[in-house]
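Attaching a single structure in structure tokens format; questions to follow.
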Amino acid sequence: MSLIDIEQGRPRDVVLMGRVTLDFNPNEIHRTLDKVKTFSMYLGGSPGNMAVGISRLGKKVGFIGCVSDDRFGDFALNYFRSCGIDTSRMVRAKNGERMGLTFTEIKSPAESSILMYRDRAADLMLTPQDVSEEYIASAKILIVSGTALAASPSREACLLAARYARKHGTRIIFDIDYRPYTWQSREEISIYYSLLAGMSDVIIGSRDEVNLTELLPEDAAEPADCLLADRYIANGSKIVIIKHGKKGSLAYTADHRAYRVSSFKVRLMKSFGGGDAYGSAFVYGLLEGWDVPRALQHATAHAAMVVASHSCSDAMQTAEEIAAFIREHADEKVITEIDWEEAL
Amino acid sequence: MSLIDIEQGRPRDVVLMGRVTLDFNPNEIHRTLDKVKTFSMYLGGSPGNMAVGISRLGKKVGFIGCVSDDRFGDFALNYFRSCGIDTSRMVRAKNGERMGLTFTEIKSPAESSILMYRDRAADLMLTPQDVSEEYIASAKILIVSGTALAASPSREACLLAARYARKHGTRIIFDIDYRPYTWQSREEISIYYSLLAGMSDVIIGSRDEVNLTELLPEDAAEPADCLLADRYIANGSKIVIIKHGKKGSLAYTADHRAYRVSSFKVRLMKSFGGGDAYGSAFVYGLLEGWDVPRALQHATAHAAMVVASHSCSDAMQTAEEIAAFIREHADEKVITEIDWEEAL
Amino acid sequence: MSLIDIEQGRPRDVVLMGRVTLDFNPNEIHRTLDKVKTFSMYLGGSPGNMAVGISRLGKKVGFIGCVSDDRFGDFALNYFRSCGIDTSRMVRAKNGERMGLTFTEIKSPAESSILMYRDRAADLMLTPQDVSEEYIASAKILIVSGTALAASPSREACLLAARYARKHGTRIIFDIDYRPYTWQSREEISIYYSLLAGMSDVIIGSRDEVNLTELLPEDAAEPADCLLADRYIANGSKIVIIKHGKKGSLAYTADHRAYRVSSFKVRLMKSFGGGDAYGSAFVYGLLEGWDVPRALQHATAHAAMVVASHSCSDAMQTAEEIAAFIREHADEKVITEIDWEEAL
Amino acid sequence: MSLIDIEQGRPRDVVLMGRVTLDFNPNEIHRTLDKVKTFSMYLGGSPGNMAVGISRLGKKVGFIGCVSDDRFGDFALNYFRSCGIDTSRMVRAKNGERMGLTFTEIKSPAESSILMYRDRAADLMLTPQDVSEEYIASAKILIVSGTALAASPSREACLLAARYARKHGTRIIFDIDYRPYTWQSREEISIYYSLLAGMSDVIIGSRDEVNLTELLPEDAAEPADCLLADRYIANGSKIVIIKHGKKGSLAYTADHRAYRVSSFKVRLMKSFGGGDAYGSAFVYGLLEGWDVPRALQHATAHAAMVVASHSCSDAMQTAEEIAAFIREHADEKVITEIDWEEAL
């Protein structure tokens, strides 16, 4: 019996909610942003990237989101459609709100930073009225990005979608995905993150993001990851993945098994985009009915492949490509089962 | 064993959260507001009135709220202190926000309406940072008014307080107390009302308010009250009271008993204020360890006494006065145990 | 020949623009506001009071303003109509904005302070589209209250009205009437006050208000009043009145005459409302074609009569009553012609 | 004697006020924006471009403006400095406001459109407190862009700067430069445009922009250009330039002479940027003391050179380059003196 009981007969594998934005990545890299002359435009936003990733892996994907009513909104919808993502539930912002933008500074392979345009971003204009109970009920999995909780009415759209998912047995994956925009206080972050976490089957976040969720100090290392996982699992979650950047990540499951996940060795092009690739392949593994270690192996492989390329969405791989990558790196052991209390 | 397991050793009986406002009641009554020449000023706001009511009944009451930094804020704090309410957790609005105001139109004994000033009301400026975990933990009961969920940051302050209450075994009473101000959509109302209802031991609301909570049509009579009570009780609530205006109210308890509550016969002065009196006396009964029918009898008696007077807060009664009233009306049977499925 | 050339053939004597609000004056006086139990409601707002005052003096008055779409808005319109003021250009706020409120604290006969509700006040919602060029053109005099310049769109409504007035030869009286609400900076105040002053035939303000207009330090006594009057007169103004509270006021005219105005001796009831009475009677004098000293005498008489009573609007007097008052106080010399450079 | 009496002894030739933004021009042109893959980033915004243009022509230029407190703000300041523009009066936005962005769609050589990001744009955050009277007084000419009047506090900063300019004899050039963002109504536009126009020595705008200024219907052709010029000149302006797109423009001067200005024949790269080039060279001519026809000839030459290139700011030319261009096109007669009443 699987850890997560997925309703197999449903027409759609995954529905995602959250931001779809535009990434402007510098063509002249390894310099600060004010020295850049030209940028390449890609579809972006963590859940947008994951939608593309999961779709490229061959799954049926739908998205509930809001884009601008301008050429950039056209771009996002066209890109989604070209990937085979269902856009029937995508809406347009009604009051001239623009797409969120992310200008990426790639100062060196290891140092990236971003300059975001998120004032009145179109994605945050999604309303609870835009959320179809039937559509949520038709999906096996709902993925909610924590950034969508950062402001109303997108916040309420997500809370309502999660309520519908719980009612209809749609599994919820909460990708904490913290961005320091539009939140009013650390307390506010914790309130909404912990509400969503409390409704989720799978929780994925960095240790920093888990600290935010639990209203712990920013760099708290205590309580240990396994104790936090205990809390979530006691509360009903089945899988808890806590990431620690370059040091790898830890995965805890409701059958009381724990795994350490390391990175494959690749030449880094940029230090972002890996998380979305990781999430996409992990969800793919869950949908395939794989055991957790195998899903994690594909996740970390996919992450390695994407950070070695210029974009996030465009660089998403097929299942065959990931499999080939893993075969090529067969000598690297990246997944290790560990004791529950063992730290990274 | 009691339905609701109250932690007896705690220093404070009740902590309330929500709005404290000013009521301006017309001295020239039975006319529309534009014909009024003079008004009397009282402390108001449903949770403010309940705080006064419970305190007058002899219980130890604290309030977590925000008032204006002006003479009217002084008035509210002074009034609370004169009632023996602990104001150590009351804060002042920092950006010139004013107290909410309610001008009451008493057109006839049965027809009242109100004109509210709630733009940037000071009470909605309460932040989650103003909520002390220790203070919540020191109380037997936390009462949250639904109006405090109508806007941020007061909304988050309440959600955090409820989380603390759950963590520390402080019982939660959710008084839905709907006011049509600052809410953005019916979906938004339902999302936050149902979050709070899902965390509460006692839920008190009119049928209209329950419809809002459940995202049902405004005047839905289906599903029946008892079926909605079933849902809340299945979810962990112990007592559910659904009010039907002049027709009386129905109370459902987790031990599967149901009661019909009628009104005592009094000469009506105005058609508002009864709810706060009802709630105050019911909470008093719970704290006294009374059984539900006895608590309900005192609740409806207190309500009758208050609607026969000019104000809400000033008209709150002592326990002796309520007892005397009940003795005088000994021939009126207002509480009847009914079958679970029986309608009003 | 008159100082101010008024177009005599026009159907309306005066059109006013600015706030109409509600005054709540305490019935229990000589105490702080938090000790008050009952309030009397009056129509208020400086231009609202002046409209009432000029109308009671027998002139044809119209008002361009915005009131709330509720019972209090009804009250204001009904009151205006009962005074014979034309309300055909009054509009209702469209988005639930409420009437501004002023709660007056009458701590002692000489010490008054106010607590204002001006967040999203209905009066500030007047738009330039609500201003009829034809209506302005049909009036002899346009009176603009500086408070109406405090926020958009009321600010633009006034600027447009002044432009129409200049185009059609309607004389402009600028009553600076400063209130410390909704303004963003001293620079902003100065910008708009000086724009209006530059378009006006008559400027009336306290020395403090003139300092704000000229971006001078708050309590600047230099340059002397007469030098500031020189500036305005050089710029086209005909009469400049600078008030100094209890010390009286100074009036400068374009024919290079200056007058000192003292107060009649009355028993003070409250320290506000005098300014509106003063302005009303002065405008009445201008319309009657009186010379400036006579108009000033009536102005200061009217002021004295109103500060001796409980309200502003309700206390406005008829021309006969003012004349009688002046006869009774015939032994008090309140108007003195002085040298231009003479200080108060 | 010159039409416009410029104070020659001043240390700075021109101070500009208004927006500095970033232009993102597509590298793949002649397609809609959603088909573009890469963009080149340039400094933009009409007054920003003009500052660069005038500086490249060898004049001493200063700018009073607000940029973002991020890498893009660095870019703007660095670019200005590299052009020799004085940035000592440039300020940084204090609350995280971002640079305005303009994504240009070059659908065909003749069809351009733009997608602007102007929500809470940093340039509109300039406050009147940021405007130094001394700095304005030290300049020969102040150029105000109408877009800076679109919202507070930038609006008030410009009104104050214009007041200082009038006080100190700094000549004012008003470039109407209309952008349909943040304005609330046509009336609002007209109010502020006509205030600035009434204070200006030189007014430059398209016929559409003049219609907005005069509150005329959008495509009004009546009253004729010359009648509108009469109004402005009667009101104190010395030069009025009304542009008619590809048909050329008309210039009217206070000595009652009128000129028709045609375009030089060039191969169009894009249909924007010409206006800023035109303005820059015209101001240069005024500063050089040239007669109006010669200044206009250089203006239209500069415009032709810039529309033939990819950017606006980067494409600004030197005086020698413009002179060379005019020599090469010596056979094209672009400036014709016409009768005052003659239409285009």
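Labels A, B, C and D are assigned to the chains in the order they are written; within every chain, residues are numbered from 1.
Quick note on the criterion: a contact is a pair of C-beta atoms (placed from the backbone, for glycine too) under 8 Å apart; a residue touches a chain by one contact, two chains touch by 3 or more.
Since the model is a prediction, treat every value here as computed from it, not as a measurement.
A.B. asks: Can we say the copies subunit A and subunit D touch using the same residue numbers, with more than half in common, or are the two sides different?
C.D. replies: same
A.B. asks: If you tally the C-beta contacts for B-C and for A-B, which one comes out higher?
C.D. replies: B-C
A.B. asks: Considering only mean CA positions as chain centres, point out the chain farthest from subunit C.
C.D. replies: When every chain centre is compared against subunit C, the largest gap points to A.
A.B. asks: Taking the mean of the CA coordinates per chain, how far is subunit B from subunit D in Å?
C.D. replies: Distance between chain centres, rounded to whole Å: 61 Å.
A.B. asks: Would you kindly tell me how far, in whole Å, the mean C-alpha position of subunit C lies from that of subunit B?
C.D. replies: 45
A.B. asks: Roughly how far is subunit A from subunit B, centre to centre by C-alpha average, rounded to an integer in Å?
C.D. replies: Measuring from centre to centre gives 42 Å for this pair.
A.B. asks: Counting only residues that touch at least 2 other chains, which ones in subunit B make the list?
C.D. replies: Residue numbers touching two or more other chains: none in subunit B.
A.B. asks: If each chain is a dot and touching chains are joined, what shape do you get: line, ring, star, complete or other?
C.D. replies: If you draw each chain as a dot and join those that touch, you get a single closed ring.
A.B. asks: Show which residues of subunit C lie in contact with subunit D when the two form their complex.
C.D. replies: Residue list for subunit C touching subunit D: 127-129, 152-153, 156, 159-160, 163, 184-185, 187-188, 190-191, 194-195.
A.B. asks: Going by the contact rule set out above, which residues of subunit B touch subunit C in the complex?
C.D. replies: That would be residues 24, 27, 32-34, 36-41, 70-72, 74-75, 78, 97-98, 101, 103, 105, 115, 117, 119-120 of subunit B.
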